[in-house]
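Read through the structures below before going on.
Note that chain A is present in both complexes that follow, paired respectively with chain B and with chain C.
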Partner chain A sequence: MKVNYGTKYSLPMLIWLTLLFIVPSAIIIMFSFMEKNQYGGVNPVFSLQAFKDLMNSAYFKILLNTIYIAVMSTIFTLLLALPSAYYMARSKYKSFLMLLIIIPFWTNFLIRVYAWIAVLGNNGFINQFLLKIGLIKDYIGMLYNNNAVILVMVYTYLPYAILPLYAIIEKFDFSLLEAARDLGASKSQSVFRILIPNIKSGIITSLLFTFIPAFGNYAIPQIIGDKNTNMLGTVIARELTTGRNWPLASAISMLLTLVTVIGVLVFTSKQKNIKKVI
Partner chain B sequence: MRKKSFSFSLFVFVLTMIFFYTPIIILFVFSFNSSKTMNWQGFSLVWYKKLFTDSADIWRSFGNSIIVALSSSAVATFIGTLGAIGIRWYKFRSKRFIEIISYLPLVLPDIIIGVSLLIMFSLVKIKLSLFTIFLAHATFNIPYVLFIVLSRLDEFDSTILEAAKDLGASEIQTLLKVIIPISVPGIIAGFLMSMTLSLDDFVITFFVSGPGSSTLPLHIYSMIRFGVSPVINAISAVMIIGTILLAVLTRRFYKYMF
Partner chain C sequence: MNGSNIKVKNVNKIFDDFYALNDVNIDIKAGEFYSLLGPSGCGKTTLLRMIGGFDEPYDGIIYLDNTNLLELPPNKRPVNTIFQSYALFPHLNVYENIAFPLRLKKYSEQEIKEKVQKNLSLVKLEEHIYKMPSQLSGGQKQRIAIARALVNQPKVLLLDEPLSALDAQLRQHMLLELDSIHDEVGITFIFVTHDQQEALSVSDRIAVMNEGRVLQIGSPFEIYETPADKFVANFIGETNFIKGKVTEVMDKYAKISSENVGDIYVYLDKKVEKGSTVHVTVRPEKIRITKEKPQNLPETFNLFRGKANKLIYKGFQTNFFVDVNEKFTFKVLKQHARYILDEGIINWYEDVYIWWNVDDGFIVEVEQNEG
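Coming up: the complex of A and B.
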């Protein structure tokens, strides 16, 4: 055969991603099996200490808290996303409604988080308003707890969940629902036995798009979470900086990566084309 | 009865819109507040005046954001587009491997990419600066461009290449006169997506930025740690207007992006 141009065209991408994605990931894996150096960095000696540290009950508690927050965020996000996407797909004003979803989706992430600080914070809109009308005498602390983290997670990832659901529901043949009803199915039967199975891949995509970034989140718990009951993402940053335990930070990173990869593999195993997941 | 199920979805949709827009509208309104607090004292443009005349550091970090976004998006669009062309229309040995390594950065949590790059940069002693931010942003943007251009190329099949070859086009002519022109909507969509993601990124930038290389999100982060500030309300309002304009102007490219 002639020169293979496919290799040529893909070569810059292969080199770039190898140097700036594969190599750094390999370094993290290596570091997690090394001894920590108390000035930061590692001693090049094999050690399983980081993984032993991970078994420590304090980290286990953080792991559980991380799972709790990610699961709750995913549930609330999907509960809002499914009916919203359904409504959009059946509406006459699809492109306008799409625009209404794209605007919060593209609004700067920190602005979206800040907006909630401005609303719920001690000096925020709600506290100021309630103080002014005399309903409360002192501030109500609404931020810096798990509920605030879940709320902002839902706010942040809802557009990511709505878009793939909308894309698939739009292609759904709604006459199937009517056929089911004509054949005597109840309303909920037609939804749960006809609609949901047909849009399963969209639901899975939305689930992944919410659960994975929520599980590996750093910014939201860092900015408005409780400093004591934190998430894995914030622990990585802490161990990397003030904790000076790079092997442990690497080991937790590997744990997050593992959960992500397993999640993707399990959920996409039935999908023919990985591209459809994006 | 069917009418009723339809209005349930309308109810949730309206609820979602209220949820989406209430905080944004409150920010917007309070950017015009004359007082420093979230307690309405009267209309004023004082915070906009401060933002536009007395906030050099905000504008410097905004400039940094633009430099990083343009350069990283240009590089990512170039590399990602070529990658998409190679993957879509040719078969070769490392293809499956390339598909997997370009898919992974899309799904991995931001902090993993940030931390692993930080550790590598510190190992090979690359000083953290705007350049390291550029490297990181191009890295996370390449996969997005790849998949967006691929979704455009999927609208064509390989007969278009065979036709060009049969009519005597060389490889380079096929690339420049056939493949690139049909990819253009995907390339533009990929570039736009890269720009948005780059301007939006906080977590990865946070780890790979050095002294003096603050971007706008990093600067906003340093400001919000001290709580509510009316100047941030004003920046927010300006950025939200910018987002709305961008979202309206780029509507025809949505189908490749989402």
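Coming up: the complex of A and C.
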């Protein structure tokens, strides 16, 4: 008799996902349709108040700003990750370069974010250096704006973007580029027509690895960003704590998840098309 | 003539501490099927990559007709390459692979279609036009690579060990096909191989290379029958080398005394002096083998009595290893046409006579300053 072990063996995974992913998500959905409790938490009464609050144009602006920061961070990360991964894959010192990529992970993420204050702040390296050589007379305010957030996002997610790209470029057959050149392609044509299409799945993985955490980020905009034009992640935290509006925080969370899911679906549906072609 | 000539002049290539190419001079005629033959690491692929534009010489010039090829980037050279790994683009189907160079040149869709179909029919793979490279067999990939390389109508086609990944039977078949494609398109083919059989069977001329040098250039017949030195004689086909001292020089022949074999006479095709040490080569198929003492011998011959101590039956022929004086083993080939019926089979350890015409043995190398 043929025994189907699939269900049996996948049971622990099923329990794991149910407890740690589906149940919390369900709770968030439930909370978003309830009344807020004056002292935090929710009253178990059905209400659409949270979604009415969400229609406020202020939140729409924050959503747009979040998308802007996430998209810009993703673009810059990828622009840096592609050449870095290419160079790493072709270098003689692959394992050494890999070590350099991994070293930042040995330090706590928050400490690394705070370290940027020591670099960009008014008393940071850059300002102090420029003042000392007399290039500027007063501090340049480099922190607490969108650009600083994007910079630190790029710094944080660059390794996550490089690794999948490196993995796929390392497997790429570079004689294909010679073949393309041989057949009349210029250097850039050979990269865009041959290299990029063949490493597309790695590019999409890198995009997701950057976009998803950037979009839902809380710590970086909280520490580095402008208090007025925040990201959705910081707004959720604010509503949960000082705002004492759990239903609204839950509704914003749902919005965030929704946008992320749509983004992922768009990317992965493209990936399926590529697999069909390959 | 659709092809171009290629002139390689005084080309050197130095890697760290050795010459990958050492003063290479090659003159390839338009429309020729020209082979670069040599063991791996002899520089043949480096030379091919230079013509293709993927490697640069340390010094020297490579001309195509009258233009200096080295001044052009690979995509501007009227030269196309068939890579050892075929290098088909895995994300494009057969049609798009062949259309790739045409799309770069911005041909119209109609022109592209016509050219792709024409080249696919040249390699007889019309029915696979929409397959992906991963769905093709090795031989089919090879043919698509040929069709793709020819669609640009290059003046010269470079083939980098194109058959090495195929099995023996398919290799033979593709070789004949390459030959007929060469006849059909009429362009210059430069064929890099380490397989002497491949080179001999299709080339108009062959350049034999070793350790970055060109040792001999000639037709397959010249290379095989009159190898320039010991390396060439050994690399192309099998042969017997006999080392000995020249004891007598006549006007057409020389007498050589070998410690192992005894006295032999050889055809004199280069100047030697009495007393110098030389290496003589005799091809195994030039040596006859008989059980009885041979009758009707030519005027000049070398005859030895020996023992057939080992033999390898190959169906169409037998390879004999005949020990002479218990010191030297001659390799002898015997074709089976008539032999078994007329003479009876020679068995292991049987005493035999071997002999060859003096004209079939000659000196390949003279050792310098011996004694």
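Operating definition for what follows: the second predicted complex is superposed on the first by the 242 of 278 C-alpha atoms of A that agree within 3 Å, B and C clash if a C-alpha of one lies under 4 Å from a C-alpha of the other, contacts with A are read in each partner's own complex, and residues count from 1 in each chain.
Convention: a contact is a pair of C-beta atoms (placed from the backbone, for glycine too) under 8 Å apart; a residue touches a chain by one contact, two chains touch by 3 or more.
Treat the numbers as computed from the prediction; the structure is a model and nothing was measured.
Put simply, more of the residues of chain A are touched by B, taking chain B and chain C as the two choices. Legend: residue contacts after superposition of the two complexes on their common chain; A:16 is shown touching chain B, with no touch to chain C. Once the two complexes are overlaid on the shared chain, A:75 sits clear of chain B and of chain C alike. Of the two partner chains placed by superposition, A:54 touches none, neither chain B nor chain C. Contacts of A:173 after superposition on the shared chain: chain C is touched, whereas chain B is not. When the shared chain is aligned, no partner comes close enough to touch A:67: not chain B, not chain C.
When the shared chain is aligned, no partner comes close enough to touch A:195: not chain B, not chain C.
In the superposed model, A:181 makes contact with both chain B and chain C.
Applying the stated touch rule to the two superposed structures, the overlap between the chain B and chain C interfaces on chain A comprises residues 181, 274, 278. By the touch criterion given at the top, residues 1-2, 4-6, 8-13, 15-17, 19-24, 26-27, 30, 37-39, 78-80, 82-83, 85-87, 89-95, 98-99, 101-113, 115-120, 122-123, 135-136, 138-139, 142, 146-147, 150-151, 171, 196, 199-203, 206-207, 216-217, 220-221, 224-225, 227-228, 232-233, 235-236, 239-240, 243-244, 246-248, 251, 254, 258 of chain B touch chain A in their complex. Residue ranges of chain A in contact with chain B, taken from their complex: 4-10, 12-14, 16-18, 20-25, 27-28, 31, 41, 80-81, 83-84, 86-88, 90, 95, 97-104, 106-119, 121-125, 127-129, 132, 155, 158, 162-164, 167, 181, 187, 191, 208, 212-213, 215-219, 223, 233, 236-237, 240, 246, 249-250, 253, 256-257, 260-261, 264, 274-275, 278. Those residues of chain C lying in contact with chain A across their complex are 52-54, 73-75, 79-81, 83, 85, 87, 89-91, 100-101, 104-105, 132, 134, 148-149, 152. Across the interface of their complex, chain C is touched by residues 173, 175-176, 178-186, 189, 193-194, 197-198, 274, 277-278 of chain A.
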